[in-house]
Amino acid sequence: MSQPIDIDIDVAGGPARPPLPGAPRPGVLRRLLRKPAAAVSLAFVAVVAVAGALAPQLTANSPTASEIANALAPMGGNHPLGTDGVGRDVLAQLLYGSRTSLTGALIVVAVSLLIGLPAGVLAGYHRGWFDGLANWLGSLVMALPAIIVLLVVLAQWGRSTALAMTVFGFLIAPGVFRLVRSSVIAVREELYVDAARVSGLGDARIMRRHILPVVVAPTVIQASQLLGIAIVIQAGLEFLGLGSANQASWGGMLSNAFQNVYFAPRLLLWPALAIVLTVTAFCLIGNALRDALGAADAGRRARRRTDAAAGPVVTAAHDAAAQDPPADALLAVQDLHAAYPRPDGTESVVVQGVSLTVRRGEILGLVGESGSGKSQTAFSVLGLLPPQARTSATRLLFDGQDLRGLSPAAMNKLRGRRIGYIPQEPMSNLDPSFRIGAQLTEPMRHHLGLSRAQARTEALRLLERVGIADPARVFASYPHQVSGGMAQRVLIAGAVSCDPDLLIADEPTTALDVTVQAEVLDLLRELQAERRMGVILVTHDFGVVADLCDTVAVMQSGRIVETAPATELFAAPRHPYTRMLLDATLEDSTPRSARAVATPAAPSRSVLDLGGDR
Amino acid sequence: MTAAHPLLEADRVLVDYPVKGWRRPPFRALKGISLTVGAGETVGLVGESGSGKTTLGRAILGLAPVTGGEIRFEGRTISGLGKRERRALSKDIQVVFQDPYTSLNPAMSVGDILTEPLLVDGISRAEAERRVRSLLDEVHLPADAARRLPREFSGGQRQRVAIARALSRDPRLIVCDEPVSALDLSTQSRVLDLLIEIQELTGVAYLFVTHDLSVVRHISHRVAVMYRGEIVEEGDAATVTSEPAHPYTRRLLLAAPVPDPARQAGRRAERHRFLAAQAAPDH
Amino acid sequence: MSLFLLRRLGAGLVLVFVIATATFFLTSVTGSDPARRIAGTQASAAQVIAKRHELGLDRPVLTRYTDWLSHAVRGDLGTSWFSNQPVTGLVGQALPVSLSLVLAATVLTAAVSIVLGVVAAVRGGWVDHVLQSISIVAFAVPNFLVGMVLALLLAVELGLFPAVGYVPLAGDPAGWLASITLPSIALAVGAIATVASQTRGSMIDVLRQDYVRTLRSRGLPVRSVLLKHALRNAAPTSLTVLSLQFIALIGGAVVIEKVFGLTGIGARATSAASQGDVPLVLGIVVVTVVLVVVVNLLVDVVLGWLNPKVRIA
């Protein structure tokens, strides 16, 4: 490739060193050692390595010298662990064998990393023809059973464990390649890499600062597993009698033990223990690494959920004089709390003391900013919070029925049947593997006991009702074949399919384009009017509230700060937070174009100064 | 001086994306876009998803392939530049992305993120620290923010970090790709006001890509409305956002709900009348 | 869909061709002189030359290659250098043994992994911990060791199963089942560990998806949400891993066949490789790769059925 190479020279005492996220920094090792399983495993591997390195010092016996006369000698005396079927010292074989095993495993990891890592980075970062070629070669190699290839190679070039392990490293390199490639592709798509590129960073710098750090963690984890796999494969080859001649090995010991299994099954024990424990140790180290390195990852995933309010659950003073809900209340919630346990034992409270009522035919807007607990409130009513969530309420009545402590089966009879739910993201809320028709008919057949044909007719009618021009085509389509707006109509059809009394809509138009949003809002208004449903509309958009809602409840930090009829709330907001939110809407701000264009503070440089690269 | 040339000029820009599949024609995301941005000016680019507004921003940044036409910066053609020349241009053209969660590397401290663009010039540690302090001050973040990780900040604060990063080398133009649409309402207006304040201070120009007419009206001097890869209407922000000429812009405006029940009822009725008129056979 | 399968079939044929060619040249061009090896160290130079002529090794390598290839496409994989029997027949005799073993192990792996993976994903808690610990151990114990222990305990000590030998399916189905039970369990253990933890992972991912919550909001029974919707969406990943494990099982069978004294492909391959019987080695590689290609095609069909995005391009 002809692109200039970006040589990275750190200016003397230059800006802070680029951090290596996920790279095994000292902190990671310390975290690793704090886990007992990992500490023991690391210690065990160290012992095996030392035993292999110091084998000549640890035993006077040769691992290969056989005393036929002294075959199958018991433990003790000159042979602490006895001798094998041809009179070789078991302890010596075990010690020297660890040398063979670990060396072989290191060869495998080294070869596979040397090939897989650069190829994966290159293919993932530059894509193009190299990516295609490398992928094809990878799938070619992966279609070959390793042992058969090794048999062929060893037959051609003679028995050699080192050769076998080198070839095995080649054979397993596609695994490393794929892993590295996919993590590189994932990072490459991140906006921060685009930002780095726009900042003028060269490929080499982007690679070092943003791409490689992300690749390190999964590669280290995989390498520790490869060490284990290599030891098992190597033992298999040696067991088949294909290891280097005149070299002690655990697999060779097993092979000998197998021949004498009826006379001295104890011979199986030592090599078996050595193999199983070493591989388990590598596996445990890999798992611990995953946990230790994954911490950053978990943080990344958790970032989307901002905690609403900190602090312990305040047991709300139970208002003895709590007013009874109005007689025509469809849903009456009082003093609802929801909290999630934190790893440190405290709780993160997301809903604290919410009380609200929805009448039949009323649309209640639940408004708030992100993290205000509005969606959590909606899911609490639906009983769809994650299992670790803790909820409580002094009253949770739906049409006179107490929802608290309702069995999952009883709740399932209400959900979908009498309480409908419309989610926010249309595309991610349809099961991608089933046709839209199947997803619409399944609840109707389950709740209403319709036949397949009846459910189909009903679903087509619903699709038509929600404004889909070609119901039959959409019925037979998969979710990925329809647009976002269409998918949201399908989800609305699903929510009202069993004629619910209460509809809970969680930001139903947020993911839609504004013109589609207007149509969906019209649809919701019509459906609500013709079915006289009570509706909880969760939204952050006061425009949507103004369009649809009768009553508004404003949420902040898990609490409802103000509830009022919509016209009143917009005309005269009482709570300062509501006033702040309404003031922040840009609808009536003065257009900027009235003002003058700002004059540049510094004089423009000439065009020639721009590049400085010629 | 550059009086003869506008700061940025897009001239009949075409962008094609290859479509997966054998011998399928490529997808044309931009169908000959022409647009100018003057020094110190904000041009709003409004449109719905799939209109090509983000693609135009990316084409200017060199992140989308320009298949036809030209993009000029101060009269110099910048579409189809080599990697090295493109990098040199990074001093003048910068970006603020939509998602403040993925546009900052979660593993780097805010200080490291802000120094990153300065690495290209190669500056001393002391100079870098001084610069980071002044950048944080410029976007109204505390000085100790430099030592913290992005995940310790709220969405609005992260977007301030992203703005500071864009400002670090005193660019002439910042492409703002939906910079406030992932933010809460109250944060949104504060970030917009920050952008305006910075513009008045430094004279930087913005190409402001958004789907939200009220946002564009608040921050832009001029507005271009995009629909399916084309600009359907362009003009003074106040005019375009209150008395649009093109039916599509009109549809966009009438579809945006007003936070006032009575006025929204009126707008809704007007929208229904408009759509009925559009659908009428004589139209 | 059919176009997609045709493309995959074409890619599979190319794969077989490339690997066969590579193996042919690897075994023909490198290594020691096979004629000398077969004639024996005592043989005179003239005997070696005669042997070389008999085996056709005195012809240019390209001629040998085109000759071999033109026969191979018609199903004739040549003649063994040692037993003088047709390779196709030798492989044909061994194939049912290995296929029984590998297919039984695959079925076992699929069945056990799905149950373990789903239970671990849904139950979580201690069930999950126990299953994960077991899978680490299963990963760490070489399958031939499992085989030896099973043979010792269940066959030799308790006499529940035969310790060695294969019984053809056609004559005695019960005997056949008994003869492959222990070998296929031994073979499957490692694969189960891998596929089960993959299934667990993808089930957990799917259960976090928005559409699962939406399905629950429709009041569908837990059984339908888990086994119909979630499992269906988790299946493609598991199936892909299973198809890779199938290749590993073919390799693993080589060692397991030795433990249980089965004369399958693996035993043939081991002896052919140690003797340097190039035509037989070549034949075994070709048949193995064809097997892998066929299974991959089947997997593609199932994946297409599971994933509408593949099916409807």
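Worth a mention:
Going by the order they are written in, the chains are A, B and C; count residues from 1 in each one.
Note that a residue touches a chain if its C-beta (ideal position, glycine included) is under 8 Å from a C-beta of that chain, and two chains touch if they have at least 3 such contacts.
What you see is a predicted model; the values in this text were computed from it and never measured.
Relative to the whole-protein C-alpha centroid, the nearest chain centroid is that of A. Chain centres computed from CA atoms place C at the largest separation from chain B. Per-chain CA centroids place chain A at a distance of 31 Å from chain C.
Separating the centre of chain B from that of chain C, both taken as means of CA atoms, is a distance of 55 Å. Touching chain C in their complex are the following residues of chain A: 139-140, 142-149, 151-157, 228, 232, 235-236, 239-242, 254, 258, 261-262, 265, 268, 272, 275-277, 279-280, 283-284, 287, 382, 384, 408, 412-417, 420-421, 423, 425, 428-435, 442-443, 446-447, 478, 480-481, 491, 494. Chain A makes touch with chain B in their complex at residues 3-4, 9, 11-16, 18-22, 190-192, 194-203, 205, 209-210, 213, 296, 299-300, 303-304, 306, 369-370, 484, 513-515, 517-518, 521-522, 540-547, 566-567, 570, 580-582, 584-587, 589, 591-595, 597-604, 606-607, 610-613. Remark: chain C residues 15, 18-19, 23, 26-27, 30-31, 136-137, 139-142, 144-145, 148-149, 152, 156, 190, 209-211, 213-222, 224, 229, 232-233, 244, 247-248, 250-252, 254-255, 258-259, 266, 269-270, 272-276, 281, 284-285, 288-289, 292-293, 296, 306-309, 312 touch chain A in the complex.
Those residues of chain B lying in contact with chain A across their complex are 1-2, 5, 38-42, 48-49, 61-63, 73-76, 83-85, 87-95, 97, 99, 101-109, 111-112, 115-120, 122-125, 128, 151, 154-155, 162, 165, 169-170, 172, 184-186, 188-189, 192, 196, 199-203, 211-215, 217-222, 236-239, 241-242, 251-252, 254-264, 268, 271.
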